[in-house]
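Shared between the two complexes below is chain A, which has chain B as its partner in the first and chain C in the second.
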Partner chain A sequence: MSNNKNIFWDRMQNLDRRYIYIVVALAIIIPLLIPFNSKTYITEPVENLYKKVDSFTEREDRAILMCFMHDASTMPELFPMEVSILRHCFERNIKVFTICFLPTAAPLIDYAINTAKEVGGFDVQSGVDYCNFGYKPYALFLPILLGMGEDIAEAVETDSEGRKVENLEIMKNLKNYNELNLVIDFSASASVQTWITYARVKFGANIGAGITAVMAAENYPFLQTGQLVGMLGGLKGAAEYEKLVDVFASNNVVFSKEIVKETWIPITDKNIPYQFKTARIGMNAQSVAHIMIIVFIILGNIGYFVSRKSKNKELG
Partner chain B sequence: MFGTISNIVAAFLTLCIFSFLYKDNPFYKFAESLLVGVSMGYAIPLVYENAFIPYVYRPIFLQNKFLIIIPTLMGVLYIFRFSKNLSWLSRYPIVFGMAIVGMFVPMSLNARVLVQMRSTMLPLDNINTILIFIGVVTILMYFFFSKEHKGTYGKISNVGIWYMMVGFGASFGYTVMARISLLIGRIQFLLGECLGLIK
Partner chain C sequence: MKRQIPLLIVIGLGLLFVVHTFVPHKISEDFYEWWQTWSKAISPFMVLLGIMSLFMVHSTKIKRKTANWQYSFVTLGGLLITAFVGFMWGTREGTPYMWLFKNIQMPMSATMFSLLAFYIASAAYKAFRARSVEATVLLLAAVIVMLGQVPLGAQISHWIPDTSKWILNVPNLASKRAITLGVGLGITATSLKILLGIERKYLGGD
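Up next, the complex of A and B:
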């Protein structure tokens, strides 16, 4: 019996990694095909960012800038965040600008705006309610970042459609970071720290971050020191923001902690379009996959200790 | 129609990349090379349209701002990186690029050092500030190599190691989460947008 046990653990130790891939794939596919209503708890960094965006509701003299610093490879994590924030802005009449410094990010901006606009059925107009500055060469990242502290229309002369920014209706009452008071950087790199270093330190702009989970741990010190007003970390952050928009912005309700605690939105609800709950559906699969990984780690460790014990016994 | 074709192509290329999980194969290599080629092919006209035309061609040839010729020539020196004998010329534009560092230092010092230090010097009136204080002190002691890490000093610096291990663990946990998220994204695409199985 003891020998059989050792053979089992030895086999587990030398298990072909492709079996593990299959199990992880199933752990993701099954919850996606058969979604269940897991709860989404709201964390403070997400709540703070939501509240900051929401504080600009219907204000003519306030706007937010969304900087898309990523390509399609990190879309699963960042795209739901971008759609949720755009949706929030469109729901609450918040002026929103978008910009990118990577060529491959340019189509993602259009895709995000069109998804939020078309799926949500918003009657918003480019140049009036929102403005896409479009792709600007990376070499101009710093000049534009610093230039916007003085005059946005001078730093970014034209938008993605080639129109003079200074002539756009959305620019009424907007001059620099005093009005464009919140910059949210979506990235899989440390670009958010560039915004903090220059736009925050020099001009006092509020900076928010929508980042991949890989980058989250690195940015927590900036959150803790208040240099980031809020942060969406990975798919979990996106899922939380999706929920906040569903609970408050889409119902025209002001944020309240009590309502968040009491409200539970089932993701199987057919009234919520799929594009507006992608992250929450993904988090179902994420939770199951994490449980699988934890089980594998425990099994691997048990196998390691059992094998080591039996080897020690053999050696005497 | 276009949507269907693009979904089929994207699904095929996704499966080509996933095939690497079984073993390296020509489908994987094809998809990988295609990604590099398409990205470059896409970027070149976009950069030409958004950088060369508005910041070089238009100012020099249409607005007669001839001073722009100097930075343009400076930028052109980068091409000499490919020449064995003249590669030293490419160092000149790099020098100008490095000047940015001068501006970066004071601001970065503020954001990454001074503000961070200030938030570790808070009154020790709750468990979080106490933990942060212990962590900062013990990690700094661990990185002080002018004294041998043994005895009481060694034990204190060991606490610093534990703090760092917790930090690395949190970082790794987030990395696992990120990788799984990317896989979820692709599977959502295959099952949802391609096969219509997720609603």
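Up next, the complex of A and C:
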């Protein structure tokens, strides 16, 4: 019996990795195809970013800049964040600008704006309610970042449609970071630290981050110092922001901790369009995948200890 | 001269930027504006250089029929087709460029990135062992943070997300800050070495 047990664990130790791949694939695909309701808990960095964005509601002299610093590979995590924040801005009449310094990010901006605008049915106009600065070569990242501290229109010059930025209606009452007071950087790298180093330190702009889960740990020191006003970390951060927009912004309600604690929005609710709950659906898959990985770790360790014990016995 | 002139440009401009950061004078501001105009003018040439380099590398591969040279056709074809549809019909929603982006670029990039999940699961099973005290601590921290990141963790017990938060806010933060400080000191030291002409490896050669 004991021998059979050892053979089993030895086999498990040398399990073909393709079996692991199949289990992981199923653990991800099934929850995506059959969504189930799970609760979304709001964390402080997400709450702070939401509140900062919300504080610009209806203000003519405040705007947000969203910097898309990633390509399509990290879209599953970052795209729902971008759509949620754009939706928040459109719901609450907040002026919003978008920019990117990677050519592969340019279509993502169009895609995110169109998703938020069309699925949400918002009557917003380019150049009036929002403005896409479009793609600027990476070599201009620092000159534009620093230049916006003096004069946005001079630093950026034209938007994605080739219009002079200074002539756009949205630019009324906006000059530099004093008004473009919140920059949110979406990336899978440490690019947000460049915004902190220059836009925050030199000009006092508020900086927020939307970042992939693997990079989130890097930014905790900046959250603690207040150099980052808030952060959306991975799909979880995106799911939390989606919920906040559903509970507050789309119902024109001011943020309250009590309401958010008590409110539970089932993702199977047909009234919420699919595009506005992708992160929460994705969190189901992530939950199952995390559990699977934990089970793999436990199984691997049981096998390791059983094999070690039997080897020790053999050696006497 | 091939090394001296670039060295002088780097040292001269580097020192000017240091002065600009610390001296808010009119001349310093003018210099900064002058640099901004120049950097805008230079950037399109960098894109051109990149395209030329890509063409040279892949055309050489095709000519010499090196390993996997067939893929170079795909790279060059992709570049030409994407550029052509972009110039012809623009890059906005509803254009062929956007169709290519949504139906080729997006799924391919996402597929590559999603492979990470499979590798992590496989590595967790095959290599994540409690071989020592340190490895056990790492393993426990990983399990708690993974559970704390998903709704199920909070449903099991509020201790899981609370402990996960503590791990991220205390030991993780302390180690990240130490690394950041170390990197910062390293950058300062390297910058000084470049400004003083001690560090010259970036010029190429030995």
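Keep in mind that, in the parts below, the second predicted complex is superposed on the first by the 316 of 316 C-alpha atoms of A that agree within 3 Å, B and C clash if a C-alpha of one lies under 4 Å from a C-alpha of the other, contacts with A are read in each partner's own complex, and residues count from 1 in each chain.
Here, contacts are C-beta pairs under 8 Å (C-beta built on N, C-alpha and C of every residue); 3 or more make two chains touch, one makes a residue touch a chain.
None of the values given here were measured: they were computed from a predicted structure.
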item	value
Contacts of A:277 with chain B and chain C, given as first, second, both or neither	neither
Partner chain(s) touched by A:111 [first = chain B, second = chain C, both, neither]	second
Chain B versus chain C as contact partner of A:62, first or second or both or neither	neither
Which of chain B and chain C A:301 touches, first, second, both or neither	second
First (chain B), second (chain C), both or neither touched by A:88	neither
Partner chain in contact with A:29 - chain B first, chain C second, else both or neither	first
Touching partner for A:236 - first (chain B), second (chain C), both, neither	both
Touching partner for A:39 - first (chain B), second (chain C), both, neither	second
First, second, both or neither for A:200, with chain B first and chain C second	first
Footprint overlap on chain A, where chain B in one structure and chain C in the other make contact	21, 24-25, 28, 71, 73-76, 104, 106, 137, 139-140, 142, 213, 217-218, 221, 224, 234, 236, 286, 289-290, 293
For the chain B and chain A complex, residues of the former touching the latter	21-22, 39, 42-43, 46-47, 50-51, 54-55, 100, 104, 107-108, 110-112, 115-116, 118-119, 167, 170-171, 174-178, 180-188, 191-192, 197-199
Footprint of chain C on chain A - complex, ascending	15, 17, 20-21, 23-25, 28, 38-41, 43, 71-76, 104, 106-107, 110-111, 114, 137, 139-140, 142-143, 146-147, 155, 213, 217-218, 220-221, 224, 234, 236, 283, 286-287, 289-294, 296-297, 299-301, 304
List of chain A residues in touch with chain B within their complex	18, 21, 24-25, 28-29, 32-33, 35, 71, 73-77, 103-104, 106, 134-137, 139-140, 142, 157-158, 193, 196-198, 200-202, 212-214, 216-218, 221-222, 224-227, 233-236, 270, 274, 278, 281-282, 285-286, 289-290, 293
Residues on chain C engaged by chain A in the complex (per definition of touch)	32, 35-36, 39-40, 42-44, 46-47, 91-93, 97-98, 101-102, 105-106, 108-110, 112-114, 117-118, 120-122, 124-126, 128-131, 139, 142-143, 146-147, 149-152, 154-155, 161, 165, 168-169, 172-173, 176-177, 180
